[in-house]
């Protein structure tokens, strides 16, 4: 078969298809490359920091090279001490030695002092034997542990930050062991983040299901009105809603004052409702509720009321009809809402930061802490990658169940 | 779902308690917003209703926190920044997002789900991670602490909403309309502006509104990328709230509620128009 | 039409040339500080007089919330836009170690006291360090509500930790720094021995244990404005905070609060210059001016922090607006009741103790 211009139809169709594909890709390309460079590249770049260990081999190149052949018994040979002295001296002049000090101090408290103290005295050590001179400058150089630590950090890449992120560490000979109990913090925080997100998701179902059902079964002119009550908070700034909850919940706030006025509580025994776990749970449930109601509503609207009537006329009572006939049909909406709320909840930062106090903060808050306060950026990156992995897995499930194309907004 | 006349007493009780529970949930949804608005007119710096307010004594109300807001150059500067950044990033993300959605909705687009996944990612990745990544990368190319940097960052965060809403509009789009227009001799630009655009406009506008509110409301990325010059309203509120909650913040919050009401109304009108166009008018 | 276009082009070129010509003469310096009342006092005492005298320099005042995150990121990126940063000494030392700040020769770069005493002798002992030019001595001290207790009023650190004698909520900074020292002092360790005891694992245990005795009554703050606010609202009866903030609550806002100087921790705040800044010469000129004897004394007119120079102390006069004598409000007057924080010890131990403190809070 041939097309009008004489080319075989197969070729002609293939050409048209190719042109179609190119046109489609051409339309997508600007955004695709924009997202790639403004978003994907930064995140990949950040993720690489979580395994980055270039500081030690970068600033102490001779030492790390010399340590490669050391068997880890006793003290390394004189040549290694000489290499270290040369490296520290060069690092002091380039003013990069402090980076090594900071890096080692993450592993063993006090190593900063060892390195900086040695660096201050290094200029006075002009010739060998370097072994005695360095041990004289700081007795830590006489300890096998110190050298084992340096040897362990000789690789430009490390999984140490991921271990730290789950409350583990390498011991001096490179075995994976648990952190001492008083330094265990991240696993608990991950568990708390998951647990609180789960609780908040549960609460949004509990509150969202009845009102979505009510709106789906009322005549449209009433349900449209009620929908505004859902959409208005949805469109209102997150900070406005968080502010509102602080105002409502603080000890001189609206809820406490109301309870005192009713006589439910004594004026001097106002319960603490904000700057703790309760505050985070209440405020986040409120903020995420619309994300549960909207998918539920859109699914419930498609369920014909005749199903329930049929079930009842076949002899089921109200409860049985609801549980056996209605609820199974809403499960798609429940699943979509749950995953959406859960994904949003585990990454929340602003609301827990403002209303969470010490007991109501989540993993995001600790990432921000390591970014802004402690400056342990690699640990922040490791925690971030773990969080990102969790979210990506959940998104994958969401996409399988609901399909991102079917996501409803407003 | 009116109560049928044959309902027994148990069903009656159940019916009414269900209604009451739903009422309580709606109160929970709306109360915080409703409480903030009157308190922003409080004449004294307290965060609860004073006896004067409850008895509707005019002396209990005042506009002093709004005056505070208007007379504070920091707040005004933040307001300007918020609008500049939100409008610029809305224009960018609407343009890029609409084009991409058109591409994604054509038949035979290869690797559709992978591309979609990447384009949607800014909406899925927790903000703290996006902000951290952008902080390092934008600092390294000199875009941190500039308006342009924040505009680009917000554009990235806003595009998924445009892509999703415009793609949704295009689901019902009849591709043969394009072929018909082309057959009748229309140039590609004419086809776009005279045939495609009018049909997808509601989707584009509501996507644009989402992009606008995303930028206007965003604080985590701004927290990492902005210094004093790029302060936006949400950042100003955030740092204010971390220190102490002041009544001026309530006044700002009320103004922001007003903006959301405006956006919501626009969106609702658009939805009705598009339903009318598609012959799906309510009732 | 053509002519219009040409004129426009010429005109534009002229405007561009003028803009560039102007920028070649004037220098913009980005000076970064803490914001609020503190920056305001610097603007009045340093920036405004300097710009008046040097019309070719424009000082842009930027705010930040402390820490080295921005400086380090700018330096890693090779794009340093800050010219001068107001830092606490702990950050100055850390930034200096990491090569972020430039080393300064104090005697060569700064002005001597009016009587000729070189800067290294004029600045208070122990305040100078390699990359750091001190401005003020401030302190972390406690204040309490004077209407909270009948009869005996709290006076010592032990009283702050005594829930029986002085019940009620306290607010403390959410950080191990200072809190561990105070716990030991309240537990009977003398001010001079604090860091010796802290340097042992048992000492740390003891400090955490003592801190644990009041944990249930503590509200932890992270922003400097919070403690004064909580005290003023009556939400807490004791609070520790920057002495300057507490001063304004007591003297400017007339809140019923009083200071407890016992156990105050003195700390130093000053300038550091980013090592890769682009306008070092001009910055050094400004720093030379801003840290002379008179300027440091001037700042104390606007905020109750002590000047870091010996020669400035006698020049400290009355508060510019309140007209009260500032000398009794200077933490340096009560230096013997407190101690200078041990920067080096904290630099070595803070990574581990921060984690331990956070873990302890969560328990």
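By written order: A, B and C. Residues from 1 in each chain.
Basically, a contact is a pair of C-beta atoms (placed from the backbone, for glycine too) under 8 Å apart; a residue touches a chain by one contact, two chains touch by 3 or more.
Remember, predicted model here, so these are calculated numbers, not experimental data.
Colleague: Taking each chain's centre as the mean of its C-alpha atoms, give the chain farthest from subunit A.
Modeller: Farthest from subunit A by mean C-alpha position: C.
Colleague: Give me the two chains with the most inter-chain contact pairs.
Modeller: After counting contacts between each pair of chains, the winner is A-B.
Colleague: Can you check how far apart subunit A and subunit B are, centre to centre, with Cα atoms defining each centre and the answer in Å?
Modeller: Whole-Å distance between the two chain centres: 23.
Colleague: How far is the middle of subunit B from the middle of subunit C, if each middle is the mean of its Cα atoms, in Å?
Modeller: Roughly 39 Å, centre to centre.
Colleague: Using CA atom averages as chain centres, what separation in Å is found between subunit A and subunit C?
Modeller: 32
Colleague: What positions in subunit B touch 2 or more of the other chains?
Modeller: In subunit B, residues 135-136, 242 touch at least two other chains, as defined above.
Colleague: Residue numbers in subunit C touching 2 or more other chains?
Modeller: Expected reply: 65.
Colleague: Give me the residue numbers in subunit A that touch at least two other chains, ranges are fine.
Modeller: Residue numbers touching two or more other chains: 252, 371.
Colleague: Which of the residues in subunit A end up touching subunit C in this complex?
Modeller: By the definition above, subunit A touches subunit C via 94-99, 101-102, 105-106, 109-110, 112-113, 116, 182-185, 188-189, 251-252, 275, 357-359, 366, 371-376.
Colleague: Which residues of subunit A touch subunit B in the complex?
Modeller: 17, 20-21, 23-28, 30-32, 34-36, 38-47, 49, 207, 210-211, 214, 217-218, 220-221, 224, 226, 228-233, 235-248, 250, 252-254, 257, 286, 289-290, 305, 318, 343, 346-350, 353-354, 364, 367-368, 371, 377, 380-381, 384, 387-388, 391-392, 395, 399, 404-405, 407, 409-410
Colleague: So in the complex, the part of subunit C that touches subunit A is made up of which residues?
Modeller: Listed in rising order, the residues of subunit C that touch subunit A are 65, 67-69, 72, 94, 96-99, 174, 219-220, 233, 235, 275, 344, 347-349, 351-356, 358-362.
Colleague: Subunit B touches which residues of subunit C in the complex?
Modeller: Residue list for subunit C touching subunit B: 62-65, 70, 73-74, 76-79, 81, 222-226, 229.
Colleague: Where on subunit B does subunit C make contact in their complex?
Modeller: 135-136, 139-142, 144-145, 227-229, 239, 242-244
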